[in-house]
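Should a chain be cited, it is by its letter among A, B, C, D, E and F, assigned in written order, with residues numbered from 1 in that chain.
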Amino acid sequence: MRPSKREPDEMRAVSFERGISKHAEGSCLVRFGDTHVLCTASLEERVPPWLRNSGKGWVTAEYGMLPRSTGDRMRREASSGKQGGRTLEIQRLIGRSLRAVIDLQALGERQITVDCDVIQADGGTRTAAITGGFIALSDCLSWMEARQMISRDKVLKDHVAAISCGISGGTPVLDLDYVEDSAAETDANFVMTGKGGIVEIQGTAESEPFSEEEFAALMGLARKGITRLVELQKLAIS
Amino acid sequence: MRPSKREPDEMRAVSFERGISKHAEGSCLVRFGDTHVLCTASLEERVPPWLRNSGKGWVTAEYGMLPRSTGDRMRREASSGKQGGRTLEIQRLIGRSLRAVIDLQALGERQITVDCDVIQADGGTRTAAITGGFIALSDCLSWMEARQMISRDKVLKDHVAAISCGISGGTPVLDLDYVEDSAAETDANFVMTGKGGIVEIQGTAESEPFSEEEFAALMGLARKGITRLVELQKLAIS
Amino acid sequence: MRPSKREPDEMRAVSFERGISKHAEGSCLVRFGDTHVLCTASLEERVPPWLRNSGKGWVTAEYGMLPRSTGDRMRREASSGKQGGRTLEIQRLIGRSLRAVIDLQALGERQITVDCDVIQADGGTRTAAITGGFIALSDCLSWMEARQMISRDKVLKDHVAAISCGISGGTPVLDLDYVEDSAAETDANFVMTGKGGIVEIQGTAESEPFSEEEFAALMGLARKGITRLVELQKLAIS
Amino acid sequence: MRPSKREPDEMRAVSFERGISKHAEGSCLVRFGDTHVLCTASLEERVPPWLRNSGKGWVTAEYGMLPRSTGDRMRREASSGKQGGRTLEIQRLIGRSLRAVIDLQALGERQITVDCDVIQADGGTRTAAITGGFIALSDCLSWMEARQMISRDKVLKDHVAAISCGISGGTPVLDLDYVEDSAAETDANFVMTGKGGIVEIQGTAESEPFSEEEFAALMGLARKGITRLVELQKLAIS
Amino acid sequence: MRPSKREPDEMRAVSFERGISKHAEGSCLVRFGDTHVLCTASLEERVPPWLRNSGKGWVTAEYGMLPRSTGDRMRREASSGKQGGRTLEIQRLIGRSLRAVIDLQALGERQITVDCDVIQADGGTRTAAITGGFIALSDCLSWMEARQMISRDKVLKDHVAAISCGISGGTPVLDLDYVEDSAAETDANFVMTGKGGIVEIQGTAESEPFSEEEFAALMGLARKGITRLVELQKLAIS
Amino acid sequence: MRPSKREPDEMRAVSFERGISKHAEGSCLVRFGDTHVLCTASLEERVPPWLRNSGKGWVTAEYGMLPRSTGDRMRREASSGKQGGRTLEIQRLIGRSLRAVIDLQALGERQITVDCDVIQADGGTRTAAITGGFIALSDCLSWMEARQMISRDKVLKDHVAAISCGISGGTPVLDLDYVEDSAAETDANFVMTGKGGIVEIQGTAESEPFSEEEFAALMGLARKGITRLVELQKLAIS
């Protein structure tokens, strides 16, 4: 039995609250149970130096945790003077994942920055950030289309969403919360598109190495979960 | 006529949403119109080095703005590698203001950190942070009292709240929003206690120097506004 | 009786030593008793990015303390890798105060940086820096006028000076030294122009909140002190 | 045909040159074709704070690239003032991979730091670093056993090695060099133990999402490559 | 003919103004012509970690330039976030030079920090800093002796002073000012003790390599200059 | 007798291994006994800002030590966030030394960066870096000549090499290793050209001041050593 009483293949309640920011071109407060991430998409009419005069745009992401989003207060990264390795790793992952469904040529020479700030953490913040960041990004593209800047359907090639899986007490389970995550033998994050293509896989043995069979079980759970997340995304933006 | 159609002595709608964080000992999402600040109070059983073995505790504050809390996206301070002068100035002000109503001896050798993170900015973030930070701090002290750690009434000597005033188009007005703040001739922030004592005054001439009479008018508005804010605080925590 | 045997409304001996630097376009060693601040004004034919092609110039300030300007040696900020919050707060105040009497349009697209370095500290370093920084700035403008770059009287609209006041042992007093400042119940800094307009007010309750009456008494003392400082400035530059 | 004329399942020439450092307790220059990484293992009689008095030791890794290890000179991270996100991500991966085969309890309260410095880069530096870092770590443990500090066989539970795979021109291939890596549609890194357990999987779609079948083909290639790498490790340290 | 009309072996006017700081245990404003350096010696009852419980003390130095000590304003190192290579090199030199005449055992477990801050620069700041820093250090030791902390004569083994020499227009000259220094073919700094022992030699070819004969001429000039500086030091502290 | 059994005027075995890097325009692994430094020369078609449009090029150097190049592991400078004073001092010395034999006008508006990374340290790393850096630089110039970019003989005016000397146990000795260096009374580094001109002299008294006679003995040893090093350089590049 999982600590949260969920079935092995049962995700937490997922919700998307759009338009949460007065200023951002797209925004979404995504909740995976008690994990709450505020995602905003900001459009700028400039691109990184290596894309100037290329005709191509860029989508990037930044990630942060509020100091008391966690059980114990963490030191504020702005105060410690640098972003930690985990932060940099996660924001690189979010950026790659979102770019996987964007036609940068069709976007034109503009940059969209998706900021994912964790308001409250209970495991799975990076997967919630990707899944909710997609909504903010999609709304930003709709905002642009409404201003005749782009054709949204040409820029946005597909949906993208992410979920964590793990082996906990010997059982493969979907969408780990913090308690489960801390004790899991194996932890894996999957990022997939609406059409079912795989964008990112990250699997880590936390205690003992895992087998190909175990990994296949995790992949199956992930596919199921991401299929459901994409349905929820579609409901949210329709 | 003010851009917001408010009367000169009319504040924006103010609300306090308590218990917003699962983890923090006290928390509050405070709204002054479209200015939204998430305040959490975190208790730690340690004090800064200069208070060790003094029997006294400490209350401190940190302030941050989410990158897209503003009209244009700001660079994330964690990424630029340091907190700017404005951030440091504001968090020092919040800390001094909250300490003004705390008996550090009665708190005992513990530190409470009040984090004020601006989710959405529309002028007056520092005064909203002080006013809402008080609620988070008060709830933290209630949490401690419930665990027989302190007597809340001995630690918390009074209420504290803050409001901005300014001279806009020649008229003294209360609680400036961003549009008004950007164009004001004079800008002042006042921090006062529930009993009407003054904790902090900061007045700045933005274009022309101001007179004592003008400043007295601002002080009168501020007193009115803070009296109302303290009433709202009392309603919120009762 | 004050520790320095001064009357409540008596300032310390104030002096301005001009032309202290061989290199700077304007310079002044200002002394408020044992508080000594070296101020230099440096002219550069460039402006910050946000003023390029605006036709307007800029005046800014930087502040620092020599490591042993204080009773105990402080860590050198260059060595600790960042300027502290107090330093940033003070240099922002100095810059705003000096800009209050400058016509940036008449200055033209140039920047003047006023560096205020505390050689010896005994309370009131920021107010001495503003008062002496004005002399350095004024001399820089004379230097420019002598080279037909500007008309000094068009750029320099008024005098500006600053003084601290406080409530010490229940009595409002003018121009606190370090001993008094450390024990004061309330501490306030005032910046005013030669014509008596108010540029900045900063008042802080160090122990108990203060009343409007007490604040009015401090303002009265400040006005008296600044009137005298402006007379001394006029003597110095005539 | 691969640019290097290798078969799809053919690794580059791999060699381990042990004892390359006079000072380190264990050291190895590992070569995967033109990718050369110098790995040293340094023993220290202290552990990170969170392990003090736990009886457990720690194995960690740091990664760096010499500025001209690459085709174009990169800026030296010591000079730019921080380690980039890629560097932090890689050294966290190396550390986790090596710890997967270490019994930290049997190591006792000591830390071994494995430094992996890329002398020359031609793709696959992180997998070479893990594979060669294992040799340095193993030699460090032998050094310790020779001094009766530990029993090497109790501390070192298994071999660990890593290899990259990718889909290049539609074909799954093993051990990508820089030319192939730059153009690959999909890139994946696998870390496995001598017994065949999986320690880490990282798969990234560089252009189009990939399918489960494609990923399974990469996993098969990786297993073949790592089996061979472990044989070579065994030859090297026997 | 030298730009300053001095003879080749003629130093600039040198003066020492002692007791310039109210706070420091020893202080001296040293002037070599238009080069003015403020030196303070600060005593602390602690030593660096590597000397704890060794019974030995430490003497160290820090060096800085005020931003407008130079012809063009330099960026403040506290603001740029790090001390430059030149600064670090000079303060290491000052520290080594002063330690050369101190018996660290006789000093006991205490640290003296000599801060050398350049108020105005006109060449030769490092040699002025060493020569004036000696006076501040000596006065600090007298301060300690007056409090029965040490015996000054046991701690201070000798005088130490420094001078620059160079080859300018083919002629070896003593004590270069900025104009000469900028154009010199060779530049050398010498640090010697009162008894004539050499503590440091730094010689650099600025354009063409120099010969042993040229270097010997510089050494001869330096010896003459330092002999005179030590006489002036003795006059100053007697 | 020296710890290494060498005669007082006997250098360690010196070797140059050219072409060690696949990517760099020039490269050399230089060994002075157990001191091994990897030198690469990187050509870039850009110059520092102060040389733009001057027609002149630039040669600069960077220096680093691998963390375990030393007996005890040193902290990685990339991780500590800044290069230490010793590092900056050494890389400035290497850059000055190499520029002494380059005609920057004949080089044209290009920059060559010579990276010197210490793989293994046993005393004398800076002198080895200069001596080996010369080979990398020379090979880079040959590379450029082969592409008709420059005439190597016009750019490269002479050889340059460096050696350390010291007084150890009262005896002047050549080319100190780490054991000797740690205990030497006096330590000096000499940089000279192939024609015998002196480029840099750095002499430091480590315990007692030294005399002119002692220094002359060190200079004599250095001349002998550098003459030999230049012969070895000529052999290496012929």
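Here, a residue touches a chain if its C-beta (ideal position, glycine included) is under 8 Å from a C-beta of that chain, and two chains touch if they have at least 3 such contacts.
Which protein is which chain? UniProt says A, B, C, D, E, F = Ribonuclease PH.
Quick caveat, the model's predicted, so the values are computed rather than measured.
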To reach chain F from chain D by way of touching chains, what is the minimum number of steps?
1
Any chains in contact with both chain C and chain E?
none
Can you check whether chain A and chain B touch via the same residue numbers (shared by over half) or via different ones?
same
So chain D and chain E are the same sequence; what rotation in degrees superposes their CA atoms, nearest 5?
120
On a C-alpha centroid basis, what's the spacing between chain E and chain F, in Å?
28
Chain B to chain F, mean C-alpha position gap in Å, rounds to 59
Where in chain A do residues touch two or more other chains at once?
81-82
Should the ring be read from chain D with chain F in second place, what is the ordered list of chains?
D, F, E, C, B, A
Chain C residues within the chain B interface of the complex:
82, 84-86, 88-89, 91-92, 96, 100, 188, 192-193, 195, 197-205, 208-212, 215, 219
Touching residues on chain E, where the partner in the complex is chain C:
21-24, 27, 34, 38, 40, 42, 44, 62, 64, 66-71, 73, 76-79, 81-83, 87, 113, 115, 117, 119-120, 122
